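Next come the structures, one after another.
Below, chain A partners chain B and then partners chain C, in two separate complexes.
Take a look at the complex of A and B:
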């Protein structure tokens, strides 16, 4: 019953989205506002129906309904309830269903906003949201259906997967399911995919508004203003997803690292890169009426990369070009990406002349120039990451031979670009719009530059020999101090002007211009993250060795002593082999660690959980690599020392806080004032 | 050299050889193996570095690396041997040769082309505007822009 309700709700969603898209466009063309309103309600209805379908699927997931193929693959009786529910996005069919549900919810939220100011755009926003939703729902309905059941042929005993009973077949339900992939049972992996999907889906909304603006010929910054918060929300979710993904990899994969330049990671990084570029260049359009074509290109690119990212992680194309051809999902995604890209670029081309710059451009040495350089670097990064990600597929398709583009490639190609971006981040906020003053820039940079040189000198004297590390720390000091001084200068000016005390002035400064100072907080977060990245990139050390109980191993200033080994059977069907290790720093005992290897008996999959000693100076990360089964006389440990790595997570928190400050709605009073301001200070509406 | 020194030198050489062979039997350390393995990827899992992969196939490969190191092969020779046996996909860093050269060429090329585009955009002659008057600062100019946009709809 629930299976049928869930599935038929999906069919109705498909019908409703097609209806909404068609009626919205027809209503706009034939000037029938009633039709557009009906289309809007259809999209709201689609969200409700998809929610109903989701509730059905969740109840089925919780209820061990192993007659459904999807549920039999991702859950098992032994799994706790929360894992059964979150298995919704643990497999392909479910995660597409989940994607569609998120998109429908975001679409509904967009439909419920106040449309009085933008009536002309509404039909096209409906059409694009409904069109994208229709695509994903049709994938769920026709290609990868989570409600599909298992059937056993009465004659041959063969088990097949189908929505409706094949002739001569009876319903088949295994006694237990296979259970969720153990790697996905970590809290990080439970929250990480929804965050990434939220980010992906939120970027569909700015795209819909931008396309509506192009179709209706509203070439001003209206679409940017209407969707700024959507873009920021998408960006925040993507950032959080990337951070949590990194933390998950660090905790669960046992590589001693947090980012592996894996195609699926890259798939999430690319829209983040173009989205970051868009957030910056949108400011130029709002302030100066420049870069309209470029911003539209960026939003199209981001949307394309969102769909491409879902395609990469869902089509099997990564493992092999041949796997891509085996499932219908890959070619369908490919066609959808091609159609939407061509369509939206066509619209951009049609409106090209109307999208010229409103004001004369200024030279390099201005805030605009810095924003352009920022975009150039972000796009350079996107192209490099994209190329590295698709090249193995291209190579396999063209020459038939598989190649690997691994982390060393990305480090070499993207490293200089990231460094240039960090430098720009320190300088750009000091440049004035239109024409910056070299003298003022020099004065503002004097102190940070001196501090950076002192840091580099001090580190060199202390014996730091890595050139990359020296420059990295110098760069981070320069940019960090220059950003902190920006707060200082602002607060000082407020103190003088209003007579407020320092703390009050600082708080007021931030709350009065949240976008600017929230943005600087994000920059500070990036500086902290960079500190951690430099520490782990240039100064990570590792060693591996076999120890008998009581023996020790030395790495850097740490000594590890192997105490013993213990094996136990955990209730959720896994054998846990735990080593006990003492960590000492220069003779002083720091902690007792328990690195363990879990073997999931049913799937035969091992999972390596590191023993971790963390402080601000860095982590000692101990992996139980191997051991002798019978005697437990010796075990092999792999040990990493990751200097400053915790600054990455700390910086992540500052980053998120900054984004929240920047996205927080301005107070009503501030809005009223800006409306009352003479048009001279406002970009044309 | 005096003749009677020959037996002494020969004996010393033999002992030195024995001593060296004992050192060689100590074999390469885990860190040596990982140094080579880090530059390669797992043959069965997608893109997992060979030094950290926990599969059986990978530990066999690491054993193979250890054997080759013990036989006195250099890192480069070992990598070349693996490429000969299993193809280029074992290398974490793609070769800059043949079709694979493309992966190295495009990013710098894109940066150069993008840089040229940026330069062209910023150097194009500025549209002539009345000096000292920003069009946005002028309500009349603003209305003009509005009208122009509307006309193009």
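Take a look at the complex of A and C:
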């Protein structure tokens, strides 16, 4: 019953989206507002129906309905309820269904906004959202259907998967499902995929508005203003998803790292890069009426990369440790990307002349010049990551043998580009629009530069020999201080102008221009993340050793002492072997760690959990690598020291906080005023 | 319906692109290409199957290469003192020719005629290193014909998802058949 309701709801969604797209465009062309309104309601209805289908699937997931192939694959009786529910996005069919549901909800939210200002754009926004939704729903209905059941042929005993009973077959229900991979049973892994999907899906909305603006010939920054919050939300979710993915890898995969330049990681990084570029260059269009073509190109690229990212992670075309199943959806995705890319670039071409700059560009040495360089760097990063990701496919298609690149390639290419971006982040806010003053820039940079040189000198005297590390620390000191000074200068000016005290002036400064100072908070978060990346990239140390109880090994300034081993059976069917290890720093005991290895008995899958001692100086990361089965004679440990790594997570928190400040709605009256006022009179960002 | 541009964006005087921005863009693009080409030529690796790996062994010398194959479970040994892992990797056909990865891995391991190469890797034993896992190794041959990997990635199809649209592997399913409703 639930199975049929869920499935037929999907069929109705498919019909509703096709109806909405067709009727919206027809209504706009033939000037029939009633048709457009009907299309809008169809899209709202599609969201309701998809929600109904989702509820059905969730009830089935919770109810151990192993006669459904998807549910038998991703859940098992022993799994707790929350894991059964989150298995919705644990397999291919479910995750596409989830993607479609998110898109329909976002689409409905966009339909419910106030459209009086932008009535002309509405039909095309409907058509693009409905078209994208129709594509994903048809994948779910025709290719990867989570409601498909298992059938056993009465004659041969063979088990097949189909929505409707094949002739002469009986419904087949395994006694238990296979269950979610233990590696994925981690809180970070439970919210990491939905965050990435939220980010991906949110970027579809700015794309729809941008295309609607192109079709209706509204070449001003209207689409940017209408979708600024969507872009920021998508960007925030992607950032969070990337951060949590890194944290999950660090906690669960036991290799002491957090980012491996795997194709699936790259797939999520690329739209983030172009989205970040868009957030910056949008400011230039709002303020100066420049870079219109560029911004449209970026939103098209971001949308393309979102679909491409879903395609990469879901089609198995590229070898990845995120080994999802191979499937037939590859060519369909490819066709969809090609059509949307060609269509949107065609629209851009048609509007090309109307999208010229409204004012002359003065020169490179200006705020807009810095923004442009920022965009070049982000796009350069995207191109180099894209090249490394798809080159294996291309080389195989052209020469027949696959050529791959690994982390060393990415480190070599992205290192200088990221360093340049960080440097630019410290300088750009000090540049004036149109024409910057070298004297003023010099004065503002004097102190940070001196501080950076002192840091580098101090570290060199202290015996730091890595040139990259030295320059890295100098760079983050320069940029960090220059950003903090921006707050200082602003607050000081306010103090003088209003007579407010320092703390009050600082808070007012931030709340009065949230976009600007929220943005700088994001920059500070990036500086902290950079600090952690430099620490772990240049100064990670590792060692390994076999210890008998009571013996110690030394790594850097830490000493590890092996105390003993313990084996226990956990309630959810796993054998947990735990080692007890004491960590001391220069003779002072810091902590007792319990690195363990869990063996999931049923699947035979082990899982290594590191013992971790964390503080701001860095992590001591201990892995129980091996042990003597029968005696407690000894155990082998692999140990990493990751200096400054916690600045990555700390910086991530500052980053998210900054994004929230920048995205937080202005007070209602202020919003009403800014909508009514022409763009030129809006408060500076 | 002809698009009607709102007042604010009525025809803008068309300007010639300024040379300093074009020159800047070209310089940036050139620098990027140079950076990518340098990194690429020094780090790119061929990605071979075991058959191809053995066929190219002579010309490879000690150049770094990436290869994939099926882990033969019986051959895995671990030296607990040094954490040196040794295992044999059997030839697995090109991914594009494989529809059911789990079955192909099984076939590769049980086939006595499949080419094999001995792989050595030093590090904690990865959780997924087991019989009929797919290994992706990156490293180089030593003079003794052993492949020394400095990177070892593993894929285990049975623990993610089996072939998406295919038949679920019957041996993993035990259950009761009931008449179709």
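Note that the second predicted complex is superposed on the first by the 654 of 685 C-alpha atoms of A that agree within 3 Å, B and C clash if a C-alpha of one lies under 4 Å from a C-alpha of the other, contacts with A are read in each partner's own complex, and residues count from 1 in each chain.
To be clear about the criterion, contacts are C-beta pairs under 8 Å (C-beta built on N, C-alpha and C of every residue); 3 or more make two chains touch, one makes a residue touch a chain.
Because the structure is a prediction, the values reported are computed rather than measured.
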{"item": "Fit or clash - chain C, chain B, common chain A", "value": "clash"}
{"item": "Which of chain B and chain C A:376 touches, first, second, both or neither", "value": "both"}
{"item": "First, second, both or neither for A:360, with chain B first and chain C second", "value": "both"}
{"item": "Partner chain in contact with A:263 - chain B first, chain C second, else both or neither", "value": "first"}
{"item": "Chain A: partner with more touched residues, chain B or chain C", "value": "C"}
{"item": "Touched partner set for A:31, first chain B, second chain C, both or neither", "value": "second"}
{"item": "Partner chain(s) touched by A:606 [first = chain B, second = chain C, both, neither]", "value": "both"}
{"item": "First, second, both or neither for A:561, with chain B first and chain C second", "value": "neither"}
{"item": "Chain B versus chain C as contact partner of A:543, first or second or both or neither", "value": "first"}
{"item": "Touched partner set for A:171, first chain B, second chain C, both or neither", "value": "second"}
{"item": "Chain B versus chain C as contact partner of A:151, first or second or both or neither", "value": "second"}
{"item": "Region of chain C that runs into chain B when the structures are aligned on their shared chain, from 19-27, 109-117 or 163-171", "value": "19-27"}
{"item": "Residues of chain A contacting chain B in one complex and chain C in the other", "value": "216-220, 254, 319, 353-354, 357-358, 360-361, 363-364, 372-373, 376, 380, 383-384, 387, 391-392, 401-406, 408-409, 413, 544, 546, 606, 608, 626, 636, 638, 679"}
{"item": "Complex contacts: residues of chain B adjacent to chain A", "value": "29-31, 34, 39, 41, 46-49, 52, 54, 59, 87-95, 98-100, 102-103, 106-107, 110-111, 114-115, 118, 121-122, 124, 126-127, 129, 134-139, 142, 145-146, 149, 152-153"}
{"item": "Contact footprint of chain A on chain C as seen in their complex", "value": "1, 3-6, 8-9, 11-12, 14-15, 18, 20-21, 24-25, 28, 32, 35-36, 38-40, 42-48, 52, 66, 68, 78, 80-81, 83, 95, 98-99, 101, 123-128, 130, 134, 136, 138, 151, 153-157, 159-165, 167-168, 170, 172-181"}
{"item": "Residues of chain A touching chain C in the complex", "value": "28-29, 31, 66, 69, 72-74, 91-93, 143-144, 150-152, 158-161, 165, 169-176, 178, 181, 183, 215-220, 254, 319, 321, 323-328, 353-354, 356-358, 360-361, 363-364, 372-373, 376, 380, 383-384, 387, 391-392, 401-406, 408-409, 412-413, 416-417, 544, 546, 603-608, 623, 625-626, 628, 634, 636, 638, 678-679"}
{"item": "Touch list for chain A against partner chain B, complex", "value": "216-220, 253-256, 260, 262-263, 289, 318-319, 353-354, 357-361, 363-364, 369, 372-373, 376, 379-380, 383-384, 387-388, 391-392, 394-395, 398-399, 401-409, 413, 542-546, 606, 608, 626, 636, 638, 679-680, 682-684"}
